[in-house]
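Scrolling down, you'll hit the structures one after another.
In what comes next, chain A is part of two complexes: it sits with chain B in the first one and with chain C in the second one.
== the complex of A and B ==
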């Protein structure tokens, strides 16, 4: 009982700090949504607003009020589930998030699953063959690979697969103005567009999972209970899958939770490279436009989804490792 | 170890890419050079710029050009000047305060309702309460609008305004029968919100993916649309999309031109140079910059030609100290030129009493050194470094300070800088911008706040007088003479230095569509509504 109250208090405190940072950080950036003076790209058109226009919009969006008042209004509206109105998109923030979030979820989840499975398989393979040539080669290669920033990797993949081989579309999440013959056709189109962003994101996380799996497995296989299992006369395969891998997976699962946070961050860059219409690309343009309500909304969604992931990881962890429940309860 | 691994992998990848590049040969279809003046579908670079009605587009990017495809204005712009559009002709009262527009008869909105003078008056009155993103008439110019009859509407001004007709080109008329019940046009994204009188209807808009599809209005009252379907599709790299035939038109830079040139089906045309970098002096913060000899020394010492060749790889024109670019319809070629001349710069600084007394290479006077911070956006660092090197030769010390562009903008607005560089477009617009940018008094009734000139402390009584006359001069010939004089004065004073005007190139597939044209004051061909209409119909209108 006391334990639960502590958890709730801690959660509320975290949320409050989060909301405060979320509100004030965007507003600490120089400039405001309506003071456009220069172009970001050569040749770009920018409507330079008159002072009267600017005053009109500042009032319209309530940005002319004192900051603390704006903050209270923000909290009140949030309590009622209203994230506010996006300035640059001219529609409710929740609407903007709803249309872009599914694309980010799609590529982040696909990348999480792919990099976890591939990382565990490669890690196991490497640990099985430890100290042999193939293990050393894989380790050196993957570590070197991990050093390539994801946006650079994205550009390289774009150059190879799109520009030269013409295997994938260059931008977007679906073919514009397409007439689909059926659901399969539609799903195929989405997969076709998502392939390169997912590949880039997966590759950026692969090495981490690989190293963790390999190192934990190597540590675990020197433990006493493995020796016991072997002594019982179990086959090497059973020892590895039932005893070693199961224990080695614990840190991998924990890592997966954190990885989603990293992938959400990585999606900002990757989505920009591939013009993929997810939350990351939207966040980038919201920051450029100084669209405070939208920045707040997106950061909140990202923060909440990371919290939810961590919670889920906690639950899965309990199933994998009964000791957690025994000690914690 | 990690570093070496990275290097090896990168090198390997580069080899792979280069290898693939070497193997594939791109084949291009070659067609005759006679271009298509009609097209079924033309695809252009898209991106989300908002729902295309006047209140919901975004201020950044080509949103307003999409609005003009759906909505008409009383006048339009072609390559040479203003042409009648919804208004067939107009009369101006002798005192210049009353404009009576005679509207073309038989025009219908997309939903079939007739277009009348009431819609024009309604648009004006409605926009007093709800400010559109672009094309609104500034508060204070128009006193009121009266409907004379169904096809005649009169604008009564508070005082003569030379730029009134020019500004009316951006005044897009919205339908009274739809908008009169809309209290929040900012959030009005229903299908009827894009009911206009214009040559295109919006068939599809996808905000999420940034795509638009416009279909020609077969019952259009004006020149016939030449392209049946205009599509804006999302792209990540315009040149690659163009090369792959995804889009039919793109802007290109000189370094990528060689590839495009080799294709006989591609036409390449230079854009008018209406986008420029401007170099600001803040004489409020650094009083010695109020001395025009110092500013002139900067103008002589900064090698604008070097900037064009090194930063822009030739794709630019060095700035005129009279501000208006060479491509501007009212550019005055007879003005002080300020070719790169270190000796003249040094002489001017000596004359002003700035000498290097302590031998540190930086000129000083009374304990103050000619040492400044130059604020610019991170993309402009190369410009800053070249300027720094040239100014060092005459004894002026510069520290380049790169900022995020919005921060730089905020500093420019508040006067929080010493020297600053900013890049922006619109240099082809009506020359009245010489007044709004360099006159430091509120002239006429068109502005209620201090101009940029007041922020950085530039003041010239003669220029202010000319500006006050220019804005109320209705005779184009006389007004042009005043603008010519203003350019001379500005070139002598150098309130700011236009470093260079950029010249981009447009490229398009001739066989797809060849009817691209410009407005006289704007650089982008895809932004002109007339670009999508029959040329013969347009010529008949002048």
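== the complex of A and C ==
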């Protein structure tokens, strides 16, 4: 399993680079945390404490130690889940992230499931009708549609469904101060709020799944075992569902993993459009407030989850389809 | 697909190896589909709009020329924003920003990355192995979150945005150029040329580069639209250059405006940059798809199996 090792090495290397970027970015900035930039002139830092106080704090936070020691301390703290303190929220970064992460997970997973199911259905329909007008029409339409970036699509959906039709709430994940009559009512409210963000994210991934399903199905249906299945008298429907689709689904399933990664990234912008209180929205407020520890913490969570998803897919794919090992090189 | 002798004199001022490329593009253009032609036409409109922005805008994009939030009318074709600046002028100058960033990022990372890939594959050895690792890791880095954080720290300026985007875009062209060069390198005609005494520079310029160029062109267009989207996304998040007039900044200002969705202002403030961005991206996509189909049918098959 030399290839598995190569994949894990790449993962670790990427992770290391990510952590290094995250560690060095704030340290490359001019000034230090104890001087205050209150002037418009660049480089003119106003010190708000005496030299002695400043030295004390530099030592207290370990900022006077050599960089490599600081880096090791940073890694140690990370390993213990300590991401520092959020300036704008006056609480640990990990706490802020834990509050908002569930909403992002909710919409990302819902969008993953919906776009996979819809993409497979549309792709199968298109492959079934291949070379006919409806197939060409769907393909051209969906490919052009995929060119619209998700956050622009989100704005369009917002304008249509919220501003014009007034069908959905404009912001938030739940109705504030609502009195729910039961669990169903509560879930309904959450679904109502999540609908448009999920729809936007699902649509952004739909074309990928659709094309993958359609093209794999078309390739698969030319295979010999499909001819055999037909020759032994199976109906076309059975041939498609039991023989063709089952094999065509393999790449789709593994694609789901990559999709989760892409959706985590895409959710940053889409959540901002809908003011949906997930990690992405928090990242935007952190950017506006220049809350650097929080920005870094969120980056780390999003980036690491993307990396882990891709790693899982790479490893699982080799398990499921031994041919990949032969092809890759 | 190869050199058509009749078309040669038209480009007699360029060296013959570049002419091969010119001829390919010319013969390719005549095979463009309707969509591709629409795309080309649309893109030329945007380019004209960007070039002649001062002429057609009618107003400066960054000066207060009217009342706050005027609806579209005679004085201001598309109305004005919150500060009383003309929207149409901002759209015209925004085309400059989007095209500038898109083209700068795409040419540098596309051709630079491509050149690195070609050279590494041609030379082979340790440099190639190291490059392959670097490409692998660069492509595995999640670009959007990193883009956001790095621009948050480096501060918003057009140059920074371009630099960061290049940093994340060069790996794909490098990898594809490398793979293409590796496969071309072993062809009999290249070996024959070398045995006849062709130098490295001659081989690279005359045989290898023209073989890699078609796929690089397709990638360059892809990177262009990617960079335009990324710039718009960063600006939308509030990480754009506040002194620049870009479509993403317009979206940012419009959506940050309190209660924009409860007023009719979005109709002339939010819709124009939205439509402009989507139209430009669609044009680029149409061109890219046709270019891919026309320049080399083999490319398509390869991309689909990736």
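Heads up, the rule we're going with is that the second predicted complex is superposed on the first by the 238 of 329 C-alpha atoms of A that agree within 3 Å, B and C clash if a C-alpha of one lies under 4 Å from a C-alpha of the other, contacts with A are read in each partner's own complex, and residues count from 1 in each chain.
Quick note on the criterion: contacts are C-beta pairs under 8 Å (C-beta built on N, C-alpha and C of every residue); 3 or more make two chains touch, one makes a residue touch a chain.
Source: prediction; values computed, not measured.
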Pick one for A:53: touches chain B only (first), chain C only (second), both, or neither.
-> first
In the overlay, answer first, second, both or neither for which of chain B and chain C A:136 touches.
-> neither
Give one of first, second, both or neither to describe whether A:269 is in contact with chain B, with chain C, with both, or with none.
-> second
Which partner does A:223 reach: the first (chain B), the second (chain C), both, or neither?
-> neither
Should A:170 be classified as contacting the first partner (chain B), the second (chain C), both, or neither?
-> both
Pick one for A:90: touches chain B only (first), chain C only (second), both, or neither.
-> first
Now for A:296: first (chain B), second (chain C), both, or neither, which partner does it touch?
-> second
State whether A:26 touches chain B only (first), chain C only (second), both chains, or neither.
-> second
Touched partner set for A:242, first chain B, second chain C, both or neither | neither
Check the contacts made with chain A and report whether chain B or chain C touches more of its residues.
-> B
Chain B/chain C common contact set on chain A = 29, 143-144, 147-148, 156, 158-159, 162-163, 170, 273, 288, 290
For the chain A and chain C complex, residues of the former touching the latter = 10-11, 13-14, 17-18, 21-22, 25-26, 28-29, 143-144, 147-149, 151-152, 155-156, 158-159, 162-163, 170, 215, 261, 265-266, 268-269, 272-273, 283-284, 287-288, 290, 292, 295-296, 298-299, 302-303, 306-307, 310
Which bits of chain C are touching chain A when the two form their complex?
-> 133, 136-137, 140-146, 148-150, 152-153, 225, 229, 232-233, 236-239, 251, 255, 261, 266, 270-271, 274, 277-278, 281-282, 284-286, 289, 304
Per the touch rule, the chain B residues reaching chain A in their complex are 2-3, 5-6, 8-10, 13, 16-17, 20-21, 24, 46, 48, 50-51, 55-56, 58-62, 64-65, 131, 133-134, 136, 138-139, 186-187, 189, 204, 206-211, 213, 231, 233-237, 240-241, 244, 246, 251, 271, 275, 377, 404-413, 422-426, 447-449, 502, 504, 523-524, 527
Which residues of chain A touch chain B in the complex?
-> 29-32, 34-40, 42-53, 56-57, 60, 85, 88-91, 99-100, 103, 140-141, 143-145, 147-148, 156, 158-160, 162-166, 170-174, 176-177, 273-275, 277, 288-290
